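Every chain is named by a letter (A, B, C and D) in the order it is written, and numbering of its residues begins at 1.
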Amino acid sequence: MASHELTEADQGEYHYTVGPYPDPVLHIESGDTVTVETHDAFEGAIETEDDAPSEVLGDYLNPQNGPIYVEGATPGDALAVTIEDIVPRGDQPRGTTCMIAEFGGLTGTDRTALLNDPLPEVVKKLDVTTDGVRWDDERVIPYEPFVGTISTAPELNSVDALTPDDHGGNMDLPDVCPGNTVYLPVNTEGAYLYLGDCHANQGDGELCGVAIEHPTETTITVDVVEDWDLSWPRVESDEFVMSVGSARPMEDAARIAYRDLVDWLVEDYGFETWDAYLFLTQVGSVRLGNMVDPNYTIGASVSKEYL
Amino acid sequence: MASHELTEADQGEYHYTVGPYPDPVLHIESGDTVTVETHDAFEGAIETEDDAPSEVLGDYLNPQNGPIYVEGATPGDALAVTIEDIVPRGDQPRGTTCMIAEFGGLTGTDRTALLNDPLPEVVKKLDVTTDGVRWDDERVIPYEPFVGTISTAPELNSVDALTPDDHGGNMDLPDVCPGNTVYLPVNTEGAYLYLGDCHANQGDGELCGVAIEHPTETTITVDVVEDWDLSWPRVESDEFVMSVGSARPMEDAARIAYRDLVDWLVEDYGFETWDAYLFLTQVGSVRLGNMVDPNYTIGASVSKEYL
Amino acid sequence: MASHELTEADQGEYHYTVGPYPDPVLHIESGDTVTVETHDAFEGAIETEDDAPSEVLGDYLNPQNGPIYVEGATPGDALAVTIEDIVPRGDQPRGTTCMIAEFGGLTGTDRTALLNDPLPEVVKKLDVTTDGVRWDDERVIPYEPFVGTISTAPELNSVDALTPDDHGGNMDLPDVCPGNTVYLPVNTEGAYLYLGDCHANQGDGELCGVAIEHPTETTITVDVVEDWDLSWPRVESDEFVMSVGSARPMEDAARIAYRDLVDWLVEDYGFETWDAYLFLTQVGSVRLGNMVDPNYTIGASVSKEYL
Amino acid sequence: MASHELTEADQGEYHYTVGPYPDPVLHIESGDTVTVETHDAFEGAIETEDDAPSEVLGDYLNPQNGPIYVEGATPGDALAVTIEDIVPRGDQPRGTTCMIAEFGGLTGTDRTALLNDPLPEVVKKLDVTTDGVRWDDERVIPYEPFVGTISTAPELNSVDALTPDDHGGNMDLPDVCPGNTVYLPVNTEGAYLYLGDCHANQGDGELCGVAIEHPTETTITVDVVEDWDLSWPRVESDEFVMSVGSARPMEDAARIAYRDLVDWLVEDYGFETWDAYLFLTQVGSVRLGNMVDPNYTIGASVSKEYL
């Protein structure tokens, strides 16, 4: 159970697409711990509230660390990634939220393509510490960090870092937080783990598309779970088990998540299918991760008290 | 501030469509309290686990009490309905959940029209008390009742009781529970309030389409809020304010709810529009009411600690 | 086989909601012909290109003639309405198209609720004759009129005239044109037929939400088809049979239409289900009626040469 | 203007993902013609009607020829690919359509994830000649072939061959047929052109997900259009210009296509934006390419008689 560091220098070039094509930047064994220096989603390009995103940002967003090669991980296995700790790093104000043209939940986009004028560009820079995020003179938001984007590589595809799908990706799910474990399907030898995009806090749906983005030191422990053939990511905490779906329209994300949770209850918790379906009707919980990315993400969960 | 009763006998015929056309069954003043004998969503037709829904149910579901005429309620006002208490009534087992052909979240339906065989019909009858709902030998679900369907009448339309929309309706939102207040737009003189469809408990999304349906005595207090021109229903508790949207696809329900919540923060809480949009990105909460009705329902809320 | 007239004077008040509640304005027998004076979708309120829709329009759009009571029509029957002729009426410029705030295919709406500024209001008035519609100095659009909205009444509901659903309604389907027959389910004694909203021409999807609206004299023949229990409207021409679905998201409209067409091929044309499914994959045609109304409308059809 | 051949032997391994990572199999100049031996979408694995797709198919479908490197093609240019000819090849019965579990327009899928049993597997093999496709004793479908999948490479991503998006891909658009030209954005030096998946015929939407798939000799001419920065594919025939959008839900595909067509009319045909919007409302045409792939595809077009 070794501990590794993956600093900015170790990483070198960050990745804006997630696939099996780049060379791994680190090789680890199952059970190892890695501390990763993540960038914010803009690779630090938005430095002041006067920066216009359209001028300072390039064509790609959401830089990822990795790929991390996990020895022994083989297609048909799952990767269990436990988030141990997330600590902000970098100079203050190191938190950034903003409005980006044709991106977000309450605006026309490149997909919901409309003729309305885009919203204005607005940038807000924020001091972020583990004590919280000061929004304005009256409001302090607690520091409740999580990993916004975490993926294994697809077998053949290379997916841009903004898109969540069955490989994980940009799920923007606040439950991928310290203390919890995310399970990802292994699609290629070594799994090729990528991560980045840590948020200091985020509401359900990540409404405007940009949470409180900040650079971090994120520590994870990675285990290989042999012969666990996942269709979609799953999350586990002390309190619940959660299945995660990412799709459009949003109801398909909910269907994926809940169907996978029914399957999980049947496979591992002794439920019969229709009983699981009826039971989740009464006690299932839904988390809307994002309503802004190329696929929307929903987590469906059930309390462990019932399992 | 009078107290009224609306018993089964007072109600007479229950309504399966919500509009301005029937005669009111009760006239009340703003501030009055009413105790209503609601039926379950099947008007009691599913009596045993051997009853096949396709055989015992008629063409319409979800019987509603009302309309209740509220003196002084005028278009442009809002109705504030506080849920005071919900108590189960009727013989045990008085709780019902079941699977109905081509209805539910994980099946093809009359709208998501497919060629797959329908799911089987399964009925589960449950003892319901204020102490909880015994699911099986190992699991007891807490009694956390709420009003599944509550509406004012549209001005011209008459909407079937299964459909939630901007008049309220079959939102299946667990936040419409004792202690909380739901605000509904007044579209016609007297508001014409309808309610019914109380659930003993329900998970997010009401997955199979049928929560723990049960007949109740539900007590509400009704106030007219003058000159509050709501576009969509809203809910208020001690902890949060919530806007509610109902639409398909599900992302439109989320957009409606969050846009209305932005508007609310601007109108009543001193926020500037883009600041509200950015702030809700960090601290907004989303509740999925239903993913099974003709419109899906989402509530977007924010904690009062920030207001 | 009598011929009737339903003039503006006969009609009196036009209807903005379609249901079983108003008194019929005309009683006819199966096989009768009716010539109806339809209004345009604005009941003539937009008279010049200087009229701002937001100022001259009221809360409701799309006035309907009817209800016409068809003797002998009983739930479980279908109504076959053949469009015999559509002739423009009224003073020139009698055609109107325009942009209405938060309505249309390329703008945020009350459902796709966004924070973008609405599009500007633009009105275009057009001379309409049976020879065509002069758009500008270079372009003349042929006069290819059809009935935009045609409905039987639902049994209990009253649906606003802007919404298409399984009762017909605002389908905006150019195939409901002279020479063709639309079949509608009968949900109530007498069927209660409504129609209006004739378009001088319209592209697929009715992009901005407003075709070339114009008042007309529309002649229809109405037949009762006994014991034909339709789930959704259907259209028949000399060349094709078409099933019509209206829903959101748009794929559900397509699913409804194609599933109904599979059913039709099996019921009336000797196909086996899977063969119909595979065959329509190769030769089915899709018409997008509207992408702007509360439900989107799609017609799925197959050439009669294959039947 | 050279002529090239890209035979099965030249191609070697076919590709199931479309990106910038493989080595080009052919280098051509702008203006050159290439005759390509395409496989069917199953790489020939379904040989008889007794073959069960679930047993004979691997994890990936839709083999692609390419990448073809086009000298001089640079990001910001467009590629104009004219379909010159499509001729069936291979032994009879060389046409295949079939039903694949959890894939198709009228079934639950991996995205519209449901608990219904999947549809049965059905395979139909067909003789395909340029004279037509004999469906059964009574029905012959005309041979109207087109290229189902055609793409340039994204800059960073590698997209599975089943997915259409802004790079082209699996659009299943019958308008990509002999005589017509498809325009694709160039995202990388050399454009990296891929194609395959020719259909002998197909109805709108490709209902069951599998058209009449067949191996072909397809001849294309490829031209570089300098400094034409396309957001989405476009198609041109003698009769019309068409913009193509691929997305979910289906209304977003329609919005993309129509917005791009508005832009095209403004950029190249002298229209003012609102006039283009209003005009397309009256005369725009919509083609539903597919309602079965990971993104649905819609083409929006306008007749050249108006341009």
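Heads up, the rule we're going with is that a contact is a pair of C-beta atoms (placed from the backbone, for glycine too) under 8 Å apart; a residue touches a chain by one contact, two chains touch by 3 or more.
Predicted model, so just to flag it, every value in this text is computed and none were measured.
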Third chains touching both chain D and chain A: B, C
Which of C-D and B-D has more C-beta pairs touching across its chains: C-D
Distance between chain centroids, defined by C-alpha means - chain C, chain D (Å): 33
Interchain centroid distance [CA atoms averaged], chain B/chain D, Å: 46
Chain B residues counted as touching two or more neighbouring chains: 106, 112-115, 119, 248-249, 255, 258-259, 262, 277
Category of the chain touch graph - line, ring, star, complete, other: complete
Complex interface listing, chain B residues touching chain A: 97-99, 105-106, 119-120, 122, 124, 133, 135, 139, 141, 201-212, 248-251, 254-255, 258-259, 262, 274, 277-288, 291, 296, 300, 306
Chain B residues touching chain D - in the complex, by the definition given at the top: 106-108, 112-119, 249
Touching residues (chain side chain C, partner chain B) in the complex: 16-17, 19, 21, 59-60, 110-115, 155-160, 231, 245, 247-249, 252, 255-256, 259-260, 262, 273, 277
